[in-house]
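First the structure, which I've put down as structure tokens, then a few questions once you've had a look.
Note that the chains are named A, B and C in the order they appear, and that numbering of residues resets to 1 at the start of each chain.
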Amino acid sequence: MNKTLIGGLFAGAIISAGSASAQTGEVLADTSFIFNTMFVLICGFLVMWMAVGFTMLEAGLVRSQNVAMQLAKNIGLFSIAGLSFFLIGSALQNPQGVWSIAGLLSGQALGTTGVEALDAGRIDGQNLSGAANFFFQLMFCAAAASIVSGAVAERVRLWPFMIFVLVMTGLIYPIQASWSWGGGFLDSIGFVDHAGSVVVHTVGGWAALAGVIILGPRIGKFADGRVNPMPGSSLPLATLGIFILWLGWFGFNGGSSLMAGTPEDIVNVGRVIVNTNAAAGGGALAAMVLTQALFRKVDLTIVLNGALAGLVSITAEPMAPSLATAAMIGAVGGCIVVFAVPLLNRLGIDDVVGAIPVHLGAGLWGGMVAGVTNPNGSIIAQFAGIAFTGAFVFVVSILVWFGLRAAIGLRFPPTVELEGLDINELGMEAYPDFVLRSEGS
Amino acid sequence: MNKTLIGGLFAGAIISAGSASAQTGEVLADTSFIFNTMFVLICGFLVMWMAVGFTMLEAGLVRSQNVAMQLAKNIGLFSIAGLSFFLIGSALQNPQGVWSIAGLLSGQALGTTGVEALDAGRIDGQNLSGAANFFFQLMFCAAAASIVSGAVAERVRLWPFMIFVLVMTGLIYPIQASWSWGGGFLDSIGFVDHAGSVVVHTVGGWAALAGVIILGPRIGKFADGRVNPMPGSSLPLATLGIFILWLGWFGFNGGSSLMAGTPEDIVNVGRVIVNTNAAAGGGALAAMVLTQALFRKVDLTIVLNGALAGLVSITAEPMAPSLATAAMIGAVGGCIVVFAVPLLNRLGIDDVVGAIPVHLGAGLWGGMVAGVTNPNGSIIAQFAGIAFTGAFVFVVSILVWFGLRAAIGLRFPPTVELEGLDINELGMEAYPDFVLRSEGS
Amino acid sequence: MNKTLIGGLFAGAIISAGSASAQTGEVLADTSFIFNTMFVLICGFLVMWMAVGFTMLEAGLVRSQNVAMQLAKNIGLFSIAGLSFFLIGSALQNPQGVWSIAGLLSGQALGTTGVEALDAGRIDGQNLSGAANFFFQLMFCAAAASIVSGAVAERVRLWPFMIFVLVMTGLIYPIQASWSWGGGFLDSIGFVDHAGSVVVHTVGGWAALAGVIILGPRIGKFADGRVNPMPGSSLPLATLGIFILWLGWFGFNGGSSLMAGTPEDIVNVGRVIVNTNAAAGGGALAAMVLTQALFRKVDLTIVLNGALAGLVSITAEPMAPSLATAAMIGAVGGCIVVFAVPLLNRLGIDDVVGAIPVHLGAGLWGGMVAGVTNPNGSIIAQFAGIAFTGAFVFVVSILVWFGLRAAIGLRFPPTVELEGLDINELGMEAYPDFVLRSEGS
């Protein structure tokens, strides 16, 4: 009896302690879930903010006669991306076993996987809500399209561009993203890309390069064998855009491990943030010093793009490097911009905002150097990832741009382009109260 | 002795386990309190950001001669709202049993209830700090006033407008908000409005409609039986404003349940965020397609307002709909803008920024459709909420605007309005370095 | 045996309960660590955003001919600060026993303390990650430099300014910050400064005052014995800048206790946020009413700076005052601006954006009043803190500016300054498409 009593009491004590222990474990998992979901949502807000940064940057770097069109394209692409990524892209990017083109062709990768997970609240395999993950991934997909928008500015018609965005955000981006981030073959061979130097930025860059090649340069850009500068309408807007991107990048890189729910996770996030900031500063300073040294004048546009190139460069591996290494990786990115901008001009490629030097140039550098800085990285795997992604995106983009040109045409009549897209195509002006210099001529 | 010892030891074990268990429960409640408070504060930051969005949108959509005045009004209203909501509004909105006009007249609803709760740190009945709740509610109150500011732009004098804002943020908004969100009679009859399609946006819209009716149109707007377009000074600023509002809306809708402290709460927040984004995109795309179809040209201003109308439409119930339904609810909001803007013009109502189509038009739609999409909603309760709120706000606003016109006058002399408010009333220009087209005429 | 068994069982129960209890305690500490780190990172994002606010404010308040240069200086200073604070500043600010000039001269304070803490993940003595703390402190250091940038605008050459920023962010700011926030002698004597009315804002103000004295006024500012107004190029940009600063200040003040991991912590954060908002509103309203009363016209620029002065004023103690007291503290700050701006003009001091009235004027007021509002404050300690900090920063800044002027020169040739820095020094224009009024003359 005594023993029984003791046993009973003891059992009670064990249960009590055990349930406390279990409850504690439960608290841990639930608390982590809340931390992860809340932080990924907040980081998603910051990445959404990058869409605004791209819009302001591009509105500032196009001529005033085409500003309203650029604004329309950017709010349009962000809206389209939400639709196409929901209807097709999300399921393609997370095919759960049937990724890649085979899955697409067989129809197995199409469907509502992403949406079901979203509706279910929680997603498998990751400790955050389906909606938070969907929102974060959607913002990345939209960012890739924003990159294209700037390069092809001042000449592409609105609706063909919108169709390209539909294909890019619904098919091109998600398919290649599944290879790296959806459990696909690039993930299997050890390709690493924390937040998308390759998966987002080179992808945007390749699609942009395809676009400007098929489109051709703006009228007058390369007239008479010279490169004619066509300065943007507002450097304050462009600077605002860059700073918005800089801020947004803390969410882009900081949220990309989708984890903030343990002390280790949040320590890693902190390292990512300081490295991201150091790389941006390194890129801006390198561009500032280099343009002073080479051209005897600091070039503000290149400094702005240098900061952006620094951000792109660190994105593939912002966690492992030391702060000094991160600054140097960013500085190399800034230097790439200084040399790539005139190179493109020499090649007769007209990239209005410098998107290709920044996102493709620095993205390639960032993707390769991650093979060294990431402890699990390999140069070969990085090269393979870059090559497969680039070949797929560039070839498909060329085909889509070419098909659009053949089917419905991409450009305006020359008079429209010369007079300005805003007044001709939208019937409005971006700054109707102001006297423009072009009006005198 | 043995038994005693055992009992004693056992008791120790029980206490030990029990205290662990209690401590665990305490952790849960405290952790939830921190999550709720932190998230509501962060969402409050985003809603504060909406005040900036309204300011940029309105500065971009007024003519350059009135931009500085618009900026002054918006920083003024945001400052006034902080004062009046603190001194009167907060207590009125949360009257704790004595809501509505009766409470106000008896003096019971006046006082420092809100402030005491603020000072006490925690508020009753909700698991977040009083200050966080006060801050969040204040930002909503200021948003309602920002809506009015845009509609009555380019003609109302600064100080009469500031007095209207004082009455609106101190009395009109809080009284009607108490009916729905302060435990009042609209709450009792089953009226539902998650983040204020009705309580914030139609309220701002009704007060704006009253204002433009009493004020009359700008000189020249409807001259010679025609509607004369008066395009805004800067579409980039207007677009920046819309994007800021889009971002801020994640806090507006995401924080409105005031809960993020359990896995279920944060899952709900995630659903709210993705639906909010889908509705905005739906509104923008619907406006883009519809203006192309109807006018053969995409109208950027209407696309911007379409995005905003999508946001307003989903605000009454952003949690229950599926993503596709949310996009369609937003798209209907975008269509409402396309049709309501010319309708107002035909009625001779001069709403400078389109605030009435967006906030009243889409707000009514959003309020009604929540009767269907919210599982606890009813069409009749929604209609009643809309009718009571609208009648109260519109009638009181008419009286206040009318009283201000009779007592101190609302408008400038015609020469001042024609030459510009900035130079005459503020003695400054928004863009003093630039040559304006109006200078030539 | 029975006893042994019981003892064994009991021991098991104790261990089990004990480990549950320990685990619970661990959860508490870990959860707090995550809350603190995550919140400080998010607040750091908001303080980074302040750098953008300063940039937009200053770009809006300089003339259009110098806008690009102002943009270049601001992105440059933010990049430089990241470098110098990492290499020198952080270790100087947190010298762990060897603070102040003695530590610097002996070399003990130099080194990589900060970086080691950063790499270690966690820092001693505070429950947040080293990287989060480093990031937050770096943003404060950059903010101090941003203040200087506005005052010396429109005449200082780019590279001498960058060198001053290097010294300021690497040495001047961190050394004096160590006295108050790094366990130094001002901390020991009871000087209190929650988020830096003195440590950040007067420091920026003193360095700015030294700069404008050594530089002298812009050509034409005080010609013919009169004060010639030189209105800024874009009031919308300036207003955007102020609103960005207002938002960013929630992070500046809200994150400065570096604690959000207990209910008490987050309640305190909530109080800080509402007080910060009330002080900004009080400052703006006071400036609005006072400029109307004194000048018969509301002065938008002074209203904007009034809001900023309200924010600066509350920063030294935003937690203890009631909401009404906070609004009044801010209002006094707003009044200081109204009187200090003409005073500086009478003294022949040319501060382009009003940085000295706002940051030095209101910073001194905020620092002193904290001696009353902070329960642990004393007027004498506040005076001592202000005096030591001010003497050190002003004298060293004068020496550095003087040295730069002697060694490499600070100003452009008069023709360059008159024609504009952008076109001469950067070879570009901020708004190249627009006809400027100055072109006619």
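The rule is simple: contacts are C-beta pairs under 8 Å (C-beta built on N, C-alpha and C of every residue); 3 or more make two chains touch, one makes a residue touch a chain.
Just so it is clear, the structure is predicted and the values come from calculations on it, not from any experiment.
Participant: Counting residue numbers used by both copies over all numbers at the interface, does the chain A-chain B contact come out same (over half shared) or different (under half)?
Facilitator: different
Participant: On C-alpha atoms alone, could you tell me the rotation angle mapping chain B onto chain C? Nearest 5 degrees is fine.
Facilitator: Fitting chain B to chain C on C-alpha atoms yields 120 degrees.
Participant: Find the geometric centre of each of chain A and chain B from their Cα atoms only, then give the gap between the two centres in Å, rounded to an integer.
Facilitator: Between these chains, centre-to-centre, one finds 31 Å.
Participant: Among all residues of chain C, which ones touch two or more of the remaining chains?
Facilitator: Counting only residues that touch two or more other chains, chain C contributes 2, 6, 10, 13, 16-17, 20-21, 24, 27, 31, 42, 234, 240, 431, 434-435.
Participant: Please give the residue numbers of chain B that touch chain A in the complex, ascending.
Facilitator: 2-3, 6-7, 10, 13-14, 16-18, 20-21, 24, 27-28, 31, 35, 39, 42, 46, 63-65, 231-236, 239-240, 242-244, 246-247, 250, 254, 260-263, 265-267, 269-271, 273-274, 277-278, 280-282, 284-285, 288, 292, 297-301, 303-304, 307, 322-324, 327, 431, 434-440
Participant: In their shared complex, at which residues does chain B touch chain C?
Facilitator: Contact set of chain B toward chain C: 2, 6, 9-10, 12-13, 16-17, 19-21, 23-24, 27, 30-31, 33-34, 37-38, 41-42, 44-45, 48-49, 51-52, 55-56, 59-60, 67-68, 71-72, 74-76, 78-83, 86, 115, 118-119, 121-122, 129-132, 134-135, 138, 158-159, 234, 237, 240, 425-435.
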